[in-house]
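For reference, chains read A, B, C, D, E and F in written order, and residue numbers begin at 1 within each chain.
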């Protein structure tokens, strides 16, 4: 399900209003995080900045950078909306839009990387690398700022995820904690995977090298993938081998980590 | 070995006294964490609160909640005692009771989840989810507050452990870092594993879906378990297959991650 | 490539000067971290202390301990130099010496452990264990202070690495995130692996028990190693089995996580 | 007007409820500070501890001490109630009971001193002096822990107030910022003033030496008092001289800093 | 000397650039505080927020309020510009525009009060009082949010200044530390002084009650003023009496705390 | 009484040992502040840095500056020793050497200014002014870094003290809180007082302009001094006038704020 920024924001405001009433311990938290802001963009910059701010680079300064990014490249904001919808649609334990926004390390890490990526493309590599370190420290998710990441991404649980410099991730990809999109070899050229649209990468899977994981493929938990995977193919094992064809067009959407008879 | 709350507390006081004398840098740390308190319950609420407190929800407020839980449900405190004994008995590197209490992220995360679980059952889901996020951020352990967890639990090293919403864990279970008790499918009903008494789940193993791991079973390191495991059975591999019968009644107790000839 | 302390320090100063000019947001960060110090030793003690300091043990106190270690045992400092060079030489994404020093959790965790290890050998076990906890909390890397670790170590990405009490690691070893050097059995004697010089342990591999991994061996990603590995041998799988001979003398140096035909 | 603890607490709860509704930015602040607590004593210990806690002595530890004091000596709590009423009754800018409790440095400093004074009388002089320093740092009010202070005290604005070791202050005394009750001479015996009931000491007045300020006296702003003052007498000037008889029985109650014809 | 916002901002940018180059320890401080911002308004909201932010109300939230104020009422910003010029013109120890902006507690406290005053007028009295407490805690300056304060104000050194609820201060007024504009009586109506344009109030002077201090008057250090003062009159003493006519039209401008023969 | 650095340090170590034993809450505080250090110089740099450190300039960096000062100019350290002895000798409430070192804002502010003064003389005016602001914020004492201050200085209670740019203070001077050594006129030349050896300036006194206060003079509390004071003369009043000859050679030593018949 896809929402516009406005639809999402309206829903988040209603949720926060209700939650704040029912749990007064958190009333100001909902207010400061969501209700106090005039737009989703302002709330998101507040949220990311409050997580990544530190002694050396205060939150307010990071917020200014984020705000600048959201104006300069509206795609970044639209991708964040799609990411929230991805969690809401795919994660049975997520029954409101505020959850990824407020709590999910994977969502927050991806939004942090989107800021760092924009800085990287502007040639501000030092600050981008600084943010990569902050994201790795705060969220335990290590994504190189140069990695290119699509919209509608869900990184569930997220602890231990590593995504390398030349990785490319399409839209509507789901992955779980402890997934690695790692490199091979020591050249500076492309050496990390390309993940096409709709791929599901289950917990702990490692995808290594400049290989392409085709659209709608599924990688089973704990797999180690060293070769390209054809579209709509399920692979499993160490090393991973094809075990069937995915039963769904877009495995990322239903998050079935099982490998049933039909793959 | 099982201690009463009083026996454990007496032992912890003696240890802290001795350690504080031998390392003056930490004297006040031992005092504030242990010696200053009139009971194990008060020390534990202090410890959990000092870890999980943050700008939005101050430590003193979390401490009040924890204290309320320990009065309302003495089982929560008794389980904490059993958890400490589990570390002391099973981990060769742990030669005093204060170590899990003061230092082990797995012990502290489990105690945090016990508070969140009590809140969840009281219908205070917002605060329970807030605590889940704090636990995931501080300890890198992501346990849904709805998960039901027994006593005598050891989560060794703990980084990257993920336990889903409908998981059920029996008594005297041991698991190591990077273990996943994950879900399959997208319904809201039971979709995570049930782990019976005495099971050992070695490092990095992923147990996925609404399957039952029978009493005294052993899951080898790095395994991906997609099907039920019979009691006292050792499974290994990706995907995991039975490789023998466990040589001990309760594999969780001796923490042997090896898979010997006898499983 | 091996640098002297002085050569490294000269290079780091030049880098920091340039980066500070190009990114004024970080100018003071570079100054406080690098340019402000009269020597590499002083900068390193500042860096480690600023990461590990906390309410109970302030940064300045940790810095004094670190400074004492660097004077008492110059090998510790020389190892740090070799560790930085290891990252610079082996990681294509690392094109300056400041990156591991300022940002890489693996490098910083190893330097923290070197301090804790020195304390452990002095009989100050309580403070060593305190630091282990701080390192595990801040960097998500859990290394027992008793573990013996050589020089020229690269722990890439680092999240989730666990290294046990009796582990021994030689020089020029590379490992990636989520690697475990774990124990078996419950005695206090040697129960963790010995990793010889030049070994490469790829992401997520688990090496368990008192086994020896021979010089120049390579352990593939996601492997679970339960038996000794001969020198210059590549092993893979769950459980790991030999799959070839390493094509390079020192696999740690080129970081090829792939398992090509030649192993 | 005098309230019982229960009456005050009921009024504070109603206020906080209303304020939290009208200003959501502060809803959790009111909740954490007032609404969340089961009694005035618990709220007060939370409030004092949250102000005085620091790295060396965490808030939770100070809270335990305060809670112990309120049980051991109920007069301390009753005095706090009388202090709040004093502000409410005497300060036109204070139109609710929460204001002194939440915001007024004078009220908070006095409550901190009451804790320190109890510790001092228990022979815990070191901790009492530590708290004196915290109070002086946080509230800019320097009161020796040995000073004996009555109930119904209002220290308005409070910055710069100094009260020495052997000072004695009766009930229902009002003083303003920058007032000094200072010592003379260098012996350890009584060398600070005794302030009897109902005295008003206006802004910036200095009362020096072991002299007695009689019941219901009034000391004009900026005065320097070096000699005893008779009851119900107004003094003014540098040095202070009698300028009339106070027009009210208890000048502390109406806070008239003016010196009218009638004194 | 009066500058436009743009002229001031241009000057501040040039200064910060130069200072950052000459003192690299502070380079990022100058950058984060001044150089990083696109306008004086954004820099000022950053500065005030970074001082007044706290656990209960984070800096970013205060910044949003400040930014809203500067848009809603441009006079607030213009007054801040005039305040900086006042310090620059009148304080011999202040030789650049950044000093009051970055360092002077009096300037920062006044800007904080201007925000609180705007909130007060909007009926957000709770948040206004919260800010009053923050300002009193951080800067040791206690100004009621209802006080009305003109432009071109210099509060030098500032510690201990107290300004009451119904005080009114004109333009181009100078005062020093420990000055009180205090109340008399206990009604809610006007009970604090009205200070007309160009008045100088020297260190420690107390002006009490609903009295008018005429344009261009001068109040000597340590005076206690209980009666109205005619324009261009110098008063001194406890209580203060006229001692002459001010030699300058606007005593606030040359800050002469002396009382020369000519007053 | 004058101690050498070594004598003072030996005494402080013995005190801290005893206090740490009697109050375990503070054991680590005494250890970190005093016992852990190899010399008085190292302990003092730790103490000042831990007070003045902040987000923009971390404590460790300030400590390095302080350490550099103590080596470059041993007089700074010797003056600190004399200052501690001044408090010990003159303040009846101070019965151990650790009190000024650990707790007294006046002592700590003076030591901070000595660092800032050294930086000022090195031409590092920006950092000196930054420290002036930190000192004013943390200790409520505002001393310009250019002021020249002798040894054996006691600033008792200290809140609100202001000392201007061209002030000069001799040895063995005592002053109390709220004292001002203020300027007159607007030129950049000498415009603040010169205080000769042994002068006592009682609480709240204001000394204004380029005037000389002769050796052994005494200024009564609340006085406003606008003219030079002859040696061994007591002045009092607003404005201050001679009221006698000081009964002691060095009034600063016995701290008698009274003005007896003999002055």
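Odds and ends about this structure:
Convention: a residue touches a chain if its C-beta (ideal position, glycine included) is under 8 Å from a C-beta of that chain, and two chains touch if they have at least 3 such contacts.
As the structure is a prediction and not an experimental result, all values here were calculated from the model.
Listed by label, the chains that touch chain D and also chain F are A, B, C, E.
Taking CA atoms, the transformation carrying chain B onto chain D includes a rotation by 180°, reported to the nearest 5.
Work out the mean CA point of chain A and of chain D, and you get 54 Å between them. One simple way to say how far apart two chains are is to compare their mean CA positions; for chain B and chain C this gives 28 Å. The mean-CA centres of chain C and chain D are about 56 angstrom from one another, to the nearest whole unit. Listed for chain A are residues 25-26, 28-29, 32, 36, 56-58, 61, 140, 159-160, 178, 204, 222-223, 238, each touching two or more other chains. If touching chains are joined by edges, the resulting network of the protein chains shown connects every chain directly with every other. Residues of chain B that touch chain F in their complex: 20, 24-29, 31-32, 35-36.
Against chain D, in their complex, chain B makes its touches with residues 28, 32, 36-37, 42, 46, 49-50, 56-61, 63-64.
Across the interface of their complex, chain F is touched by residues 56-57, 61, 124, 126-127, 129-130, 132-133, 136-137, 140, 142, 144, 159-160, 162, 164-165, 178, 180, 182-188, 191, 204, 206, 208-209, 222-224, 226, 238-239 of chain D. Against chain C, in their complex, chain B makes its touches with residues 19, 22-23, 25-26, 28-29, 32, 90, 92-93, 99, 102-103, 105, 138-140, 157, 159-160, 176-178, 202-204, 220-223, 236-238, 254-259.
Looking at the complex, you find that chain B touches chain E at residues 55, 58.
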